[in-house]
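What follows is subunit A paired twice: with subunit B in the first complex and subunit C in the second.
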Partner chain A sequence: MTTRTLAALLLLAAFIAAPLAAPLTVKAQTVPDLTGNWEQDVIAIGQWLQSNGISTVHYTVQAAGDPNSVMRMYGIVEAAYRINQVWQQNGINVQIQVDTNWESSFQKQYDNFVTQYELGQNGDFFVNSYIYIATLAADGRLLDITQWVQAYWNNVFSDFYTPLMEAAKYQGKYYGIPQDTEARPLYIRKDVAQCMGWDLTGLDEKVKNGQFTWADVFQKAKEAVEKGCADYGLIHRKGSAHPDLIQFIFAFGGSLYDPNTGKLVVDREAVYKWLATEAAFADAGLLPRNIMDWDWATQIHPTIVGEKKSAGGTGNTLFDIGGTWYWTEWQTKDYYLDPQTGQKRPLTPEEVKNKFYYTLFPAGEQGKQPVTLSQPFMWMIAANAGKDNPNFDNPDFKKAYQELAFLMVVEASDPIINAVHSVISAHVPVRKAASALLKNETFINQLRNLQLPFSKEVMDAIAPIIQKTADPINIEFLANVSYMLEYTHLAPSHPYYSKLADVFKQAVDRVLKGQMTPEQAIQFIESSVNADPDLSGNVEFTGSVPTGWSLLPTTQTTTTGTETGTSPTTTTTTTAEGGNTALIIGVIVIIIIIIAAYMAVRGKGQA
Partner chain B sequence: MMGNGKNELMGPLVTGYKSYILIGVLLLVSLPLILAYSTLIITSFANTIVSNPWVKFNFTFDNWIAFFRGELSTTHARIYSTGEILRMIGNTIIVAAGVTAVVLGGSATSAYAYSRMKYRWRKGSLKLLLLLHAFPGVALIVGVYTIYYYTLVKYIPPQSRTLYSFFFVILARASLEIPMSIWILKGFFDRVPWELEWSVLIDGGSRWTAFRHAVLPLVKPGIAAVAIFAFLAGWEDLIYVMIFLPPNQKTLATFIEGQLASGSLETSYLPIMAAAGTLYLLPTILFFIFTQRLLLETMSGGLKG
Partner chain C sequence: MKLGHKLSNAIFFLLPAIILIAAFYILPLIVTTWISFTPLRDWKISQLTEFVELENYKALYKFVTTHPLGSLVLKTTIVFVVFTLIVNVLGGLLLAIATYVIEERVSLGFRLLWLIPRMTPLAVFGLIWYYFFYGSPQGTLNAFLLKLGLIDQPTFWGTDPNLLPWSAWSIIIFVNGLVGVSYGMIIFYSAFKSLPPELLIAAKVDGASTWQIVRHILVPMARWHLVFVTVWQLLSLVTSYTHLFVLVDWRIVDEWYGTTWALFVFTEAFGTVKNQGLAAAAAVILVIIGSLLGLLTLRIMRFDKITLEPKGDI
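And now, the complex of A and B:
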C-alpha cells in the first residue's frame, strides 16, 4: 500500500467518522445561562444545540382537564412553534417537536405521571393542579426552576398575581408557573330573587364589605323556600369537590396550614362553624341531606339551572356554591330541562346572564372577611425533562434541554395565550396583562374573528371552541370576577392535604345526613386524623369548639327546625323508598315468572 | 350418534304456549344486557344520551365524525388529531394481533406435544396449566411489573422503550391466555387419528412436517377458536396496556377508560364516547355473529382431556 493510498484511506475514514462523531462531542463552548431576555436566550440555546450537532429536540406534554382547557396542551405546542420560527429567522437549523398526551381526569394524569416517571416514560411538561407540587417536588420529580424564575422576574413573573406565584413554591423554591386559576363565586338565581321580592342591586359590595354573611344567606334561602319560589335554598358540589366547601374554614377566619411548622391545621372553631352551618341548612330542609351523593350531571347542575319541580322543571335553588367555569359549562351541557319542550338543552349566554347574579363567598359571620378559593393549574417541568434527546446523560446537554423547556413555559405564559385560554375554558387569567386583554375591545374583536397570532395547528384545534365560547357576555363575566383573586385563598400544597380533605368530606356527609352532630363530627375528625399514621404526624389541632354558637339566634333555629317535615328532603327520601319498592316487586315478579316457566317445562317433560 | 346424544342432552322439545313463556323469560332476563348494548349503540347515532325509550332524539353521524376528528366535547375542542385516533385503533390492533400470534404459536406447539408425546410430568404439568389459568391477571401485576421495570430500566435504551413496552404487553397478556388455549387445542389434537401422522413419518417426513401438513389442517376450527379468544383478550385488555404502555400510546380501552374514569365523567360528552364504545365493541359483536357455531363446537367437542 503506497503512502498516497494510505492517506486517501485515512481521509475517507475521517470524512465518514466526522458526522457520526459530531453529536457525541461537546464543544468547548459552555451552555449559555438564561438572562431574562427571551428572544436572546432562545437564540443562544438554539445556536449551542446546533453547534453540538442537534437538529431536533423532542418533548412530550402531559396535560389534563375539561376538553375546553386544551390550551394547557396547545400552549406548549404554540411555544415550540414560536421558538422554531425564531430559530428559522436567525438561520438556526434546529426544530422542536412536541408530542401531546391528554387525560380528562387530572388525578388520573397525576397517577400516570408518577407511574411512568420511574420508567422514564413520563412527559417532560406536566400541566396539573398545584396541589401535586409538594409531593412531586419532595420526591425529586420536578425541576427546581427558582434561578430561572428570578432571571425572568422583572420581565415576566412580576406581572403574575402574587398568591398564585406563592402556590408554585415548595420549601421556598419554585417548581411551577401558574397556568390558570379560578374563583368560586356564590351564584344567586335572579328569577328566584325576583319572585321573593329581593332586590340584588349592590349585594356584591355588601358581600365585599362583610355586611352580608352566611346568616343572611340562610335567612334568604329560607325565605325563598317558604314563599314557594325555590325547591331548595342552597346547592353545592358533592364530596369529590371539597375545595368549594373548604372556603367555609377561611370565611370563619380559620386556617389550614401552619407555615412555621409546615403542618396542616384543623382549626376546631372554624371547622365547627362550617359543619354547624351545613347542619342548619340541612335541618331546615334548605339543602338536600344526601347532597354529597348527588350526581353532577343529572342532579346538581340541573337543579342549579332548572325550573321549579311544580312548573315541570328539575327543581331549583336560590344559592349555589360554584366555580367560575360553571358559567360556560351551563352553555355547553344539556343541564336545563326546558318545561316548554320537555327536552334538556344548554342555556344561551343571555339566559345565563339573566338567571345568575354572583358575589364572593360571603363572610361566615359579622367581623369576618369574604373569601374565594383558587386551585391554580401549573406548568411543571419534570426533573428528567429532555430525557428523550441525544446525550441527555451529558450535564451540558441536559442543562440545554431543560433551559429550553423553561423558555417554552415562559412563552406558553404569553398574555394572549393566557387570555385565550381563560375565555375558552372560563378560567380566570393568572397575570394582569391577560386580565387587561379581556377588557380590550381590539383583542376581543381579534379573538372573535379568529385573528390570533397562533400556528395553524393550534388555531385549527381551538377555532371551534372560540366560536362557541367567545361571547361578549362570557368575556365580561371573566373580567368582572377577576377582582375575586384579591380575596383568594389556596388549599395547602401539602402531601397529605388530600387525605385530610377526605376526612372533612366524610364529616360533612355525616352531619348533613343527621348521623352526627357538629360536635361529634369534630371528634370524628380528631379520631380519624389520630388513627392515620400519615395524618397524625402532619396535622395539628388549634382552638376549641365554641359553646352555644349558632348560625342564627337560637329561637330562629328552633323555628326553622320545625319546618323540616314539609321540606324537599322528605320528598327525596320518599322517592328513594318508592324506587326500592318497585325494584323489590320487580325482582319478585321475575322470580315468579322463572319458577312458572320451569314448572311448565318440567310438566311437559314428565308428560 | 351425535344427533341422538344432543337430543338426549337437550330433553323434549318445548312447544305451544310454553315455548312463548320460555322465550319471554329468556328475553326478560336478557333485558338488562339488551338495554345496555342498544343504549350504547343508539346513543352513538343520536344527538343526546338515549338513556330510556322515551328520550326523543335525532339520528346523526356527528358523534362518529367528532370522534374521528378527536373532538370530544360539544364545543368541538380537539384533544386528538385524526392521526392520533387512528394510532389508538392501530395500537389496539397491534396488541390484539400480537397476543393472537403469540398465543397461537405457543399453545399449538405445546398442545401438540401434550397430545402426542410421552414425557415425565406430562400429566402433572397439564394439571398445573389449569391452575395457572385460574390466576387472575391482576394478581400477577406486581410481579410482572417488577420484571418490566428491571428489564426496561437496565437493558432497554430510551429510544427503544416504546417498542419494548408493546413487546412486553403482548408477551405478558398472551401468557395469561396460553394455558387455557393449550387445553382447548389438546382436545382438538386428541381427535385427530394417529394413522395420519404415521403415514407421514413412514414416508420419511419429520415430526414438524407431520404437525404442519397432516395434523394442523384438521384442527383448523380449534385454531380459529383460540385465535378469536386470544384476539378478543388482547383487544379488550385494559389493565396491562394501561400499566405498561407509555401514556402517549393509548389503545381504545385506555382511551375510553380515561374519558370515563372517576373525575372525568363530569366533563365527558357521552354520545361521542358512545361512538368510541360502539367501535370498541364491533370486533366482539362481529366475531360472535360469524363464529357462533365454531365456538359451540369448541365448547362441546374440543375439551376432551
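And now, the complex of A and C:
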C-alpha cells in the first residue's frame, strides 16, 4: 500500500516536472552561433531544434516578378528541401515546410508585405527590389543579417559582385542578399534597320564610346517612320519613370543622390534634357503620347515584337528601351501576332536573335557616357521571420528560426540555383561562380537535359520554362550583355526615392501628352517637391534649366523645339480655363440648388 | 421610480443601436481623428503613440494651396458632386415619372433594368466601363464609332489631353450617375404610388394633361422626397470613391481629373505613398464638411418642424 502511494506520488511529480523541464533544457543548451560552415551550421541548428521538441519548422516566401522568375520563390523551396536532406542523412527528425506566395507586380507585393506585416501575416522571406531595403529597414521590418553575412563572407559572399552587395546595405548594415540583377539594353529591330538601309555592324561599340547618342537615336527613329519601315520610332515602359526612364538622367550626366548630405537630388539640367528628349519623340509622332497608359501584354510587347500594322501586324518600332528579361519573355508569352496565321504566339529563340540587336543605353549627348541601370532583387528576411512556429516569443527559439532562415538564403544563393534562374529568366547572375557556369558546357547540357540536382517539386515547376528558354542563343545573349554591368547605375536606396520617382512619372506623362512643356514640367516637379512634407526636407535641387538646348543641334531641331514650346502651352491653358469655368459653374449650381430647395420647402411650409 | 423605469426601458431598446453606432461610427471617427495627429505611415503601428501636433493639417493646407494637384482635387470634387447630384436627383425624378405614367407591367421591367448597375458587383461594373471606354480599336465605344465612321483613330476617352478635363469628368459623372440614379427613382416612384388616387382622378376629370399632372401634382407632392434624396445623395457623393478608384486605377480616366477628395484620402492611405497620418487629417476635414452640409440641409428641410409632436393627439 505504501509502495503504491509512493509510486503514485512519484508519477505525479514526474507529470509536474516534465513541463518544467522543457524550458530548463532551452536554457541549458544555447542556440549555436553561425560559423560560416553551412553543413555544420545546418546540423547544429537541426539538433538544437530537435532537442527542444520541434519537428516541423514553417516558413512562407513572398516573391514577385515576371512569370519566368519563379526561382525567386522556388530557390527558398529548394533550399528547404536540401536542408531536410541534410537533416535526414544525419538522423535529425526535423522538417522545414515552405509556403509560397507569388505576385506578378513587385510594387503590389511590397504593398502586401507592408500591410500584412503589422498583422503578422507577412512572408518570412520577402524577395523584392533592393529599393525597398531602405524603407523597410528604417521601419524595423527587416532582419539585420550583418553578423551572419560576415561569418559567411569568405565562403560565400566574397564571390558576389561588390556593387550588388553594397546595394543590400542600409546605414552600413546588411538587410538583404542579392538574388538577381539585370541590364537595360536599347533593343533595335534588325528587320526595320534593314528596311531603312541601316547597317548595324559595330553600333554597340559606337554606343559604348559615346559616339552614338540620343540625338542619333532620334534621327534614326524619324527616318524609320518616314521611310515607312516602322509605325513608331521608340517604345518604352508604361506607368512609372523608375527604373527604365531614370536612365536618361544618368545618360545626361545627372545624379539622383548626394552622398555628402544623404539627400535625393533633382538635377534640373539632366531632368530637363530627359523630358525635352521625350517631348521631341512624342511631338515628332515617334513615341505614342499616351505610352504611359499602354498595356504591357496587349500593346507594349506586341508592338516591340510585332509586324507593321499595314502588314497585318500589331504595329512595330525601331527602338525599345527594355530589359534583359524581355529576351525570354518574348519566347514564352503570346505577344507576337503572326500575320500569316492571324494567331498570337511566342517567338522562337532564333526569331528573337534575328529580330533584335542590342546596345547599352546611349549617352544623352556628345561628351556624355552610355549607361544602364540595374535593380537587383534581394532575398530579404522579415524581422519577424519564424513567427509561425512554436515558442517564437522565446528569444532562443526566435534566434534558431532566424538563423535557419538565413541558412536557407545562403543555400538559395547556390551558384547552380542562381545560374538556372539567370538562364530561365534572362537575368544576369549576381555571383562570379554562377557567371562561370553559364560558360560551362557540362552545366549547360545538364540544364538542357533537365539533369539538375533539384527536388521534384521545383523541377516540375521549372521544367516547362527551362524547355522554352534554355537555348544556346539565350545563354549566349546573357554572356554578351554581362559587360553592361560595368556601366551600371543604381537608383538611390532612399526611403523617399519612390515618392520622388512618382513625381517624375507625373511629369513625363504630362510632357508626353503635351500638357506641359519640359520647362513647365521642371516647375511642376519643384512645386510638387516643395509642397510635399516628406520630399521638401529630403530633396535638393541642383543646376538650372539650360536655355536654348534641344536634342538635335541642327536647323531641324529649331522646328522641333518650337513645336515643343507652342502646342502644349495652348493645351495647358485650355485645361486650366476648363477647370476654372467648371469651378464657377459648380459653385453657381450649388447655390441655385440650395436656394431652390429652400424655396420649395418654404412654399410647402406656408401651404 | 417611474422615470427610472422609463429610462431603463429606453436604454434596453436603444442599446443595440447605440452599440452599433459606437462601434462602427463613433469609434472609427475617434481613431481617425487620433491618427490625424500622429506621423503614422506604412502602417507602422508603433507610430500611433507619437504626436506631431498639427503637422498633418499644415501639410494638407500646403498641398491644397501650393501643390499643382491640390486645386485640381478640389475642382474635381466640386464638379463631380454637383453634376452627379443633378443626374441622380433629376434623372431619378424623370425615371420615376416615366415609370409611373406607363403601364405597370412594362414599368416593373423598366425599373428592374435601371437597378442592374446598383446590383452589379463593383468589379464587374468597372470592367464593363473599362472595356467600353478603352482606348484601343477593340474598346466598345471606339469600335462603335469607328464602324459608324465618326472617328478614324481610336481615342483614349478619359486620358486624351485634347479632351481633358471634361472628358474625364463626364466619364466619372456618367458611371456614378448610372449607379445612383436608381435610388432616386425608387424613392420618388413609391412617393407617387402613395398619393391618394382621388387627386389624380379629379385632375383627369378636370381635363389636366399629363404634363400638368406632373407639374402641379406629382412634383409638389413629392417635395419632401426630393429634398431627402438630394441630401442623401449629396452626402454619399462627397464620400464615395469606389467607382472612381477603379476608373482611375485602370487608367480609364486621367488620375488628375478623376481624383476627388474622398479618393485622395484613400490613395494617400493605401496607395504608393501610404501616409496614413495625412490621409486621416484629410478624412477628418471630409467628415467636418459632410457634417456641415448635413446640418445646412437639415436646416433647409426645417427638420425641427417635421419632428414636432402632432398637437391634436394630446
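A few notes on this one:
Please note the rule applied: the second predicted complex is superposed on the first by the 533 of 607 C-alpha atoms of A that agree within 3 Å, B and C clash if a C-alpha of one lies under 4 Å from a C-alpha of the other, contacts with A are read in each partner's own complex, and residues count from 1 in each chain.
To be clear about the criterion, contacts are C-beta pairs under 8 Å (C-beta built on N, C-alpha and C of every residue); 3 or more make two chains touch, one makes a residue touch a chain.
Computed from a prediction, not measured in an experiment: that's the story for all the values here.
Touch criterion not met for A:K206: it reaches neither subunit B nor subunit C. By the touch criterion defined above, A:S527 reaches subunit C but does not reach subunit B. Within the superposed three-chain model, A:V114 lies in touch with subunit C and out of touch with subunit B [touch as defined at top].
In the superposed model, A:T135 makes contact with subunit C only, not with subunit B. Looking at the shared chain after the overlay, A:K513 reaches subunit C, while subunit B stays out of its contact range. Look at A:D502: by the touch rule set out above, it reaches subunit C but stays clear of subunit B. By the document's definition of touching, neither partner reaches A:K309: not subunit B, not subunit C. Of the two partner chains placed around the shared chain by superposition, subunit C is the only one that A:D293 touches, whereas subunit B remains out of contact. Once chain A of one complex is fitted onto chain A of the other, the partner contacts of A:R448 are absent, as it touches neither subunit B nor subunit C.
Within subunit A, the residues touching subunit B in one complex and subunit C in the other are 107, 115, 118, 590, 593-594, 597, 600-601, 604-605. Residues 11-12, 14, 18, 21-22, 24-25, 28-29, 48, 56, 71-80, 148-149, 152-153, 158-159, 161-162, 165, 243, 246-248, 258-259, 261-269 of subunit B are the ones touching subunit A in the complex.
By the touch criterion stated above, subunit C contacts subunit A in their complex at residues 42-45, 55, 58-59, 62-63, 66-72, 74-75, 78-79, 82-83, 85-86, 135-136, 156, 159-162, 164-166, 169, 220, 223-224, 226-227, 230, 251, 270, 272-275, 278, 296-297, 300-302, 305. Chain contact summary for the complex, subunit A toward subunit C: residues 107, 111, 114-115, 117-118, 135, 139, 289-290, 293, 298-299, 498-499, 502, 513-515, 524, 527-528, 530-534, 571, 575, 578-579, 582-583, 585-587, 589-590, 593-594, 597-598, 600-601, 603-605.
The residues of subunit A lying in touch with subunit B in their complex are 60, 62, 65-68, 70, 73, 99-108, 112-113, 115-116, 118-123, 240, 296-297, 332-334, 342-344, 346, 387-388, 392, 424, 460-462, 464-465, 468-469, 590, 593-594, 596-597, 600-601, 604-605.
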